[in-house]
Amino acid sequence: MEPVKHIKVKKDMKASELVENMGEMGFGANKIGRAAKIMDKMFDDKKCTVFLGIAGAMVPAGMKNIILDLLDNSNVFVTTGANLTHDLIESLGENHYKGDDSADDSSLNKEGIDRIYNVFMKNSVYEKLEDFFEKNFSKFKECKSIKELLWKIGELCPKEGILKKCYEKKIPIFCPGIADSGIGLMMWGRIIEGKGKTNIDVFEDMKEIIDIAWTAKKRGIIYVGGGLPKNFIQQSLQFSKGADYGIQITTDRTEPGGSSGAPLKEGISWGKMNKDAEFVDVFCDATIALPLIFAGIKK
Amino acid sequence: MEPVKHIKVKKDMKASELVENMGEMGFGANKIGRAAKIMDKMFDDKKCTVFLGIAGAMVPAGMKNIILDLLDNSNVFVTTGANLTHDLIESLGENHYKGDDSADDSSLNKEGIDRIYNVFMKNSVYEKLEDFFEKNFSKFKECKSIKELLWKIGELCPKEGILKKCYEKKIPIFCPGIADSGIGLMMWGRIIEGKGKTNIDVFEDMKEIIDIAWTAKKRGIIYVGGGLPKNFIQQSLQFSKGADYGIQITTDRTEPGGSSGAPLKEGISWGKMNKDAEFVDVFCDATIALPLIFAGIKK
Amino acid sequence: MEPVKHIKVKKDMKASELVENMGEMGFGANKIGRAAKIMDKMFDDKKCTVFLGIAGAMVPAGMKNIILDLLDNSNVFVTTGANLTHDLIESLGENHYKGDDSADDSSLNKEGIDRIYNVFMKNSVYEKLEDFFEKNFSKFKECKSIKELLWKIGELCPKEGILKKCYEKKIPIFCPGIADSGIGLMMWGRIIEGKGKTNIDVFEDMKEIIDIAWTAKKRGIIYVGGGLPKNFIQQSLQFSKGADYGIQITTDRTEPGGSSGAPLKEGISWGKMNKDAEFVDVFCDATIALPLIFAGIKK
Amino acid sequence: MEPVKHIKVKKDMKASELVENMGEMGFGANKIGRAAKIMDKMFDDKKCTVFLGIAGAMVPAGMKNIILDLLDNSNVFVTTGANLTHDLIESLGENHYKGDDSADDSSLNKEGIDRIYNVFMKNSVYEKLEDFFEKNFSKFKECKSIKELLWKIGELCPKEGILKKCYEKKIPIFCPGIADSGIGLMMWGRIIEGKGKTNIDVFEDMKEIIDIAWTAKKRGIIYVGGGLPKNFIQQSLQFSKGADYGIQITTDRTEPGGSSGAPLKEGISWGKMNKDAEFVDVFCDATIALPLIFAGIKK
């Protein structure tokens, strides 16, 4: 047994040193430290295919750069339509704003402000989205899969962002729930205007992600917030020997039985996680945990 | 100000009386009582279109009958592919089993048992699923929307269940993330076997749900567990005056900013919730809260 | 393996039947059902000494009667000073009120209202408390232990309540943190007024609770909310073969390592819980869970 | 409105810079950034009396040095007996160990290991505690208040630690629940051995903490984990204009109504928090949040 070491926070201490020290502690700090070690190993392992699954409104919270950096080390990206819509909004030149989670929602509504906990967004962003989709719909309606659509949006994005990077680096990006998002609404808007029909099959992307899981030599998973991104990767892993490395960051409870709160080890019963895998469940807000863990591998 | 009344649990007390008493208490009990009152009102209001959004593995937990009863009072149903897959599994004659959340996952894996918290499922259920999809794929591949596919599955289900009921009662059932589920896997399996292609457009169902939200005189929402079902209904409500009645049951935290944990009042800023609506957020495992609330309206 | 049964909520269903049905389900409902079974067994086992530990402001929430009924089956009661102060306030004829958890706290402060989540209390209750302690301090200052003081308060209480019942039925009531409460403040107020000194030794009550744990043939524990009540019972159990029955109701997380969120099984390592004990951890607001569980044993 | 800025984690980034960047984000990261700013201000304000309240087993988790450093900036310290017992255990030369939260508790029990989530402690530490209290009980039994007892323990501690520092720097240390701890057990053990009686009045320390709150020009509060430490400070603040600065770190829920999960703003209704105060509620495991926040003021 190794003794717990008491962390000493020093002036000018590096963030990576802080995280390394956390790994010598107990409770949640220990998990942050372990997550950094596992992420480092996963990214270093040349045989490992990394599946990054991100739910939750990470872009509005200021996590875009972290995600961009994680994408440099990821082979597959699965996320929610909401996250991508917020990314696109910023790529079109709009912002998210620091707000107050105790603001009065009726007043915000009158001022045209949409609230996401303590982040504000002007409702007028939808106008720019409309313009973008009006202009480019003829290209979008030719896409045959969600991935193709998202890459196309990325290609046409005026500014840097997650969508643009996935397109440019040809990172497979999957978003089965795309209809459930601002991007979905924009597509629907053009369709009901009579601008034509889409022909994007619901099951089209499954082949690719399952093929990747199947043929990968080793598999690493990073789940932020659970949701559909986690589950979509998990189901693909059933067609493999299971993940070899795993990091899950969520604040959801285990007891109500949902996938988002299920600990990674539950996946062992299903064969989604290898029984000899190195993995850690981090109970922490991802806007705190992920910058820390990422700082831990930036040595 | 009305005094809190101390609940007195009596022998042979009716469940509806228990819930009524809870409404005279404080803390979480009060919310259960309020939820029952709001549900009663929502179901009684002839002008109200009820949107039921259910995430989480409710069928494995034994909530099928509750959902079937809620469907009798609902006009739109949105759920996850997982929930529907588990419903189909039971309609095909298989069961879920009471298990132990501290069971050893490696041992379960060897025995062919998949664990969902404290519920077990035999991995062999997938064989029956395979057979069902093999047999009926030719009919499924003709469907043009997810709703149509789900109704078709319901039509062909040998036994009663959620899918069958939605088909029989023609309740619009939406499941934007269907690819992310056992049903998705079964469809994919047939496609890669070369049994033909599907042609189910990702955005096809959006028109219907938004039309329903738009044209409804009044709108009531019931969200269990957040996730994609909540969000898909919420985005449709943006094209309305917002919900007039609302019940949300979730154990997710507000602070990490995700939609599943966002309190209903946040929707006021977006126009998804009417500022004069009657609504309540219930912080409780849905397998406890929903039977209670439902008992509260069974007077 | 026993199949999960789907609960069917019927008109006029008894609360006890609802709970029994929950025991056939999965997830949290299952735990409610199990808790009722264990409580029933614990109360029926003539050899079992029952330790009831209740933290959290249960009296303001309307849980007084439930606690009074639980006391009929308990041999030792440990609680917080806050809970007892609120009990005394009601025994002196004051009320707690149903309030709104989103009320403006500055406005409440101006109106003399103290808020406890969605329960309100008039700040003026402290005047009645002052009068009671002014009148009776000469008797209180003669007490030699916290238990003796609490029994004395119970004896002098004008109306029924927890304190009065513990006095009348001679239920040992322990409250190591009594200084941290309104009762503590009232005692301090008289002392600084010069009405005399108290002489209540901090460690005095330990002998009795440890003796009870030590000499009990079997031990049952019921913990609501963790905190000092749980821990004080737990440490007494170290001087025994550990608890034989256990029910814990808490919404605290396990991961941050605190005693309130620690699952009962952790106590096995310490010898506070017998490895063969029957126990269950219920993740639920106690104002919902406890009335339900209690209804479950009222058959 | 200020835009959310996307954090960019750079190689060799300082921890203080990471925290500063977090303050420009949304969700939980924003709260970490704000907490650092408020802590900085609170510690810099010469008029401010700082009340530090720490619950939870922080010493076993490796937080001793952080607490020692916080004490350099604090005027009053309130904590649990458990925390102080673990501090004393380390001061007597024993350790806590990095463990596994999924370890088998029956096996640990056989090996004489006590588990605190993912931290292990040898049960044999109690022998050293026994020796220490045997040797020094004659001095301890002369103490007239809990504070005096704790300072005396600190004076006699062979090694550095929290107790020793409080004694050496004459920081008032309050622990109303001392009976509920290993220190309590050690005192009880000597008393029942017939080594004499103690005479430590339960209410003795109240005068001092309330006097400090009353006479302070300004008041700052730092609460970790809620519990009795938070509540004991809160009740003292009622005799003041309320806190002017506040930081609360807890993962407890608000909805079940307990003090540990109550947001700081609730204190405004009671007059425990000044309505114009600067305060923040941080939802995070303290072993992650506190090192980060503390790094944020170490510029």
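Note that the chains take the letters A, B, C and D in the order they are written out, and that residue 1 is the start of every chain.
Operating definition for what follows: contacts are C-beta pairs under 8 Å (C-beta built on N, C-alpha and C of every residue); 3 or more make two chains touch, one makes a residue touch a chain.
Model, not experiment: these values are computed from the prediction.
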Weigh C-D against B-D on C-beta contact pairs and write down the one with more.
C-D
Farthest chain relative to chain B (centres taken as mean CA coordinates):
D
Note: chain D sits from chain A at a C-alpha centroid distance in Å of 35
Measure off the straight-line distance from the CA centroid of chain C to the CA centroid of chain D, and report it in whole Å.
24
Taking each chain's centre as the mean of its CA atoms, how far is chain B from chain D in angstrom?
43
Multi-chain contacts in chain C, i.e. residues touching at least two other chains, fall at 26-28, 60-61, 116-119, 251, 253, 255-257, 265, 283, 285, 287
Under the touch definition given earlier, write down the residues of chain A that touch chain B in their complex.
55-57, 60-61, 82, 101, 103, 105-106, 108-109, 113-119, 123, 146, 176-182, 184-185, 187-188, 191-192, 197-203, 205-207, 210, 225, 227-228, 231-232, 235, 238, 251-260, 262, 265-271, 275, 285-287
Chain C contact footprint on chain B (complex, rising order):
1-18, 21-22, 24-30, 32, 60-66, 69, 95-99, 102, 116-120, 251, 265, 283-285, 287-289, 291-292, 294-295, 298-299
Given the complex, residues on chain D that touch chain B span 26-28, 31, 253, 255-257, 283
